[in-house]
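See structure below.
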Amino acid sequence: MMPAWWRTDPCAPFRIGPREFPGRIWTASGCFAYGLTGHEMTAPGYASPYEGLGAVVTKTITPEPRAGNPMPRLVETPAGALNSIGLENVGLREFVRDVMPRLEAAAVPFVASIAATCPEQFSDLARAVQTAGAKMRHWHGLELNLSCPNVAEGGHDFGKDPDTVAACVSAAGGGAGDRALLVKLTPNVGDIAALARAAAAAGAHAVSAVNTFVGLDVDLATGRPCLPRRFGGYSGAAILPLALAKVDEIVRKAQVPVVGVGGIGSADDALKYFALGAVAVQVGTAQMRDPFCAARIARQLQTG
Amino acid sequence: MMPAWWRTDPCAPFRIGPREFPGRIWTASGCFAYGLTGHEMTAPGYASPYEGLGAVVTKTITPEPRAGNPMPRLVETPAGALNSIGLENVGLREFVRDVMPRLEAAAVPFVASIAATCPEQFSDLARAVQTAGAKMRHWHGLELNLSCPNVAEGGHDFGKDPDTVAACVSAAGGGAGDRALLVKLTPNVGDIAALARAAAAAGAHAVSAVNTFVGLDVDLATGRPCLPRRFGGYSGAAILPLALAKVDEIVRKAQVPVVGVGGIGSADDALKYFALGAVAVQVGTAQMRDPFCAARIARQLQTG
Amino acid sequence: MGPTGIPSPCSLVGEVMANGPVSSGLIEMHLRVPGGSAGQPTFFPGQFAMLNRPGASAWTFGRPLSILAWEGGVVRFLYRAVGRGTRELAGLGAGSGLTFLGPLGNPFPAETGGLRPVLIAGGVGLPPIWSWLQLYGARAGGPALACFGARSVEDVPWTLVGDRWRVAVEEALAAGDGRASTGLVTELVTAELGDSALDGACCVMACGPWPMLRAVRDLAAARGWPCWLSLEEHMGCGYGVCKGCVVPLREPSADVGWRPATCCQEGPVFPVDALAWDVMQPEGSP
Amino acid sequence: MGPTGIPSPCSLVGEVMANGPVSSGLIEMHLRVPGGSAGQPTFFPGQFAMLNRPGASAWTFGRPLSILAWEGGVVRFLYRAVGRGTRELAGLGAGSGLTFLGPLGNPFPAETGGLRPVLIAGGVGLPPIWSWLQLYGARAGGPALACFGARSVEDVPWTLVGDRWRVAVEEALAAGDGRASTGLVTELVTAELGDSALDGACCVMACGPWPMLRAVRDLAAARGWPCWLSLEEHMGCGYGVCKGCVVPLREPSADVGWRPATCCQEGPVFPVDALAWDVMQPEGSP
């Protein structure tokens, strides 16, 4: 049963910046790939994993394809997981040539996640996606991934500085297009609201909070970190209270819509973000466990 | 069975700065009160919960007694907990007059945790404890709590700035005494190694890492945060990978011994910290579940 | 065993012997625990234990349950499955391991100072009151009046309350069911006492939900009787170290007139006069 | 059901029907799953499912287990309890719920192109090979040679391997135990084949631990036979979206000569020649 204060239809259209999204329950980048395999999946009572979804945020792409990090790339922990995928992705060219048209053809609402190592690259990526998507009905926005902790040359420290955040947002067009411009923030900073304010001031229509937390696990047999790159991104149920705290800080200290991400595995978890003022939520790690996770949450929040 | 690389006797004396500690398995501040009630506890096969312990870090005290925060003060989450105790403590006077002599009489090895809102207060607190403990055999050191997230007027932002950390350490005597001077760091910063370096440069003999992470949980019935102060300190199994990552950063980027704290509930958890180079560990939340938790870990790491 | 005669709390792993319903909503669990020093009291009525699952499936915090009985190395509990922990407890079969820390807390007084005991229990508040009646009922100053309140007649654990107890149920009774009266347990108590308030003083002991405890307080206060209440607070440690479970106690010397006291260690049983009712929230917290 | 005839993976909740040991170390589980479209193939040998516990007790990631059989709405698995997940699985009684995502991955080829099948399974590698033999063994190009390797004779699930399989065990056999030979399963295969390498080509299919797979690769390569291996990698999603389970595939057009391929989606069955053995670590990862 839904709490009395919950009156929102998560599957009704709503607006972020210039763009209307078909719903508020999304899947998070990197946890549902490019959103292309869902139609192969079935579940009793569901037409597809896209049912009721507001958007699939596609796996972050970079200017060139990336092979990603060495294995192992995943470590399960008691209530979460560490990942060190290393942004394995098909690269910009294949994304705009192959992935975007297929998503459009399959009528999957999507947000394209992009990452780069400098503002200029963000500009190039954003322009290429905008060009490819200009006529697409199902492409709703860009999410600038300023926070992936697994990439040595860019990523982390990159997104920790408000000025760099602002520079990347401006380079990506500063929200001038007709689609939503979102910025995915790293939680690995002392003051996340400052990053959100910088993003908003530079033209972002919303921020997605949060990406993974820096974590480490040790292989007891060897006494060495489990992951070849030592650190991984911590996600899953264990980070829910941490991510909620970050979202609350942004909501109260920055004037920008927030898309909540982190530890959502059930309708109750999603409701906690909405209670704090998030406009939409993304399901990450739990979507890996069940391709219908986000769809089930959408239905449950709709029907109570 | 212990891994092959583990050859340390956690119950053998070892040194931190000028002081020899009786062992490497400690209890964390705030999770075993003042260490005075353990002798009332029994467990099959154990003489007391102090068996094999290197130190009890006592509940953080402040210059004046504090009544703490309103209830509720605790929220359990799937693999951890949020607390907002608000530094309820007996205050300096009672601590030096009553608590310290009783710990000394009971031969409980202890580290006194102190918190203040400015360097001058740290100086007063440190001096008072040093005077009271000068002749005590079982008082091993001071832990400056620069990181308690529940106190409105000081705490949090306080310990996030390397200069303030250095100023507090200097004020507390800068490690000039004959007992160990430790600094407990907040993990809620982008660069914890910078705090550790500042503490070390100002004379700290070791850092304790980490205190709780800022977290929040929502009461679904009301849609409001569960804790009256919104945020609480996140601890327990869920934070183990986060705390290990922080400890690893300090070990590799600051030249200072590290006492590992966060999420330890078993000998395996403790071993992960030792594998990364921690010189000792503290058991917090798990000690609340079982007063013998630290003692059991000490025995298991000794006998394998 | 401390100087006050309270047994030392012991941290151990018990084994579930039996675990099943004794009424529509209440479950009784028998836990075999090792040791148990012959001749010494194992617990005092009002004391509780923190229960948890062993090893990696442990909850962050144990769950406090009052001790119903402890005999021959078997501790008995009576509980209701309300949330994550108690639901998991309810699912445990015989042979399951369970960590046990107890007995904890301060019990009800064993003596009533010659006064007739009035015992009032609501729902899962039964265990401490039931064990008091079992252990001290006979030797108290006059025949005890024991009243139990439940939601419905199906929710009453008849094997426990038998006919030593008067029973009140909130849901209307089937016609002709003479085992209980309809209404609140405090209404039942008032009716049972009749004019006895004028006859002689009683000593009241109660455990149950907050609205009941407030009514009990008023009932005793109106007659000027001593009254002891067993309170519930969310607990972290259960043994006084975390300060997560405080209730406000009157403390005239404090600036604010009260001080926080741990429900687990200074309580859970408090004399009604010690509590700072004016600063309490509806559920008892400061 | 996709164009290749592979059934669509389904996300559902099954119910454990039976779950118990079939040898000293191996457990067979029967899971009743809803649906199952009559007439259509439910799975192909080599496919697997991701299993998890439902609701709040779910593991972050499902556990991949090969499908042993799937008939009449009941899926059968054969597994060994090695860690947290499989130990919890082993503890589930009949009636327990279990989430199921499957069938997943690419199977072994159904046809051997007229070649005689040589089937090699080690330990918990049995299910895909066993189901291949069950489903296609009769129609393949010549009588299949099926060899199973186990640690000890007690570890062999005799009800499954019956006498259609040759069995090799690593621990020395009791005198007179003629059910198995002592040694590695690949030694047994070599012995069984004898000179047949000269007689005619075979098609090799294998699943088991890495040292076995490497020996199988060499065995097939030495004879120039086609060979298919089912690989294991730690998995996050099992359906291709997380890129957590990659193995290196030869890719001459890539700078480095290989590319990462998902074990769960492009595999777990790979033709031996597709794998970039030179960049593999001992356990198969790039």
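Per-chain numbering from 1; labels A, B, C and D assigned in written order.
Here is the rule we go by: a contact is a pair of C-beta atoms (placed from the backbone, for glycine too) under 8 Å apart; a residue touches a chain by one contact, two chains touch by 3 or more.
This is a predicted model, so every value here is computed, not measured.
Fewest steps needed to get from subunit B to subunit D, stepping only to touching chains, is 2. The chain with its Cα centre farthest from the Cα centre of subunit A is C. Subunit A and subunit C have centres, each the mean of its CA atoms, that are 49 Å apart.
The distance from the centre of subunit A to the centre of subunit B, with each centre set as the mean of the Cα atoms, comes to 35 Å.
Listed for subunit A are residues 77-80, 237, each touching two or more other chains. Taken residue by residue, subunit D touches two or more other chains at 56, whereas all remaining positions touch fewer. The touch graph of these protein chains is an open line. This structure has the following touching chain pairs: A-B, A-D, B-C. Per the touch definition, subunit A reaches subunit B in the complex via residues 3, 5-6, 77-80, 82, 160, 188-190, 213-218, 220-225, 230-232, 234, 237-242, 244-245, 248, 268, 271-272, 275-276.
Residues 2, 8-12, 34-35, 50, 52, 58-62, 99, 101, 233-237, 239-246, 256, 259-260, 265, 281, 285-286 of subunit C are the ones that touch subunit B when the two sit in their complex. Taken together, the subunit B residues at the contact with subunit C in this complex read 30-33, 37, 40-44, 59, 67-68, 70-74, 76-77, 79-81, 83, 85, 88, 236-237, 265, 285, 287-292.
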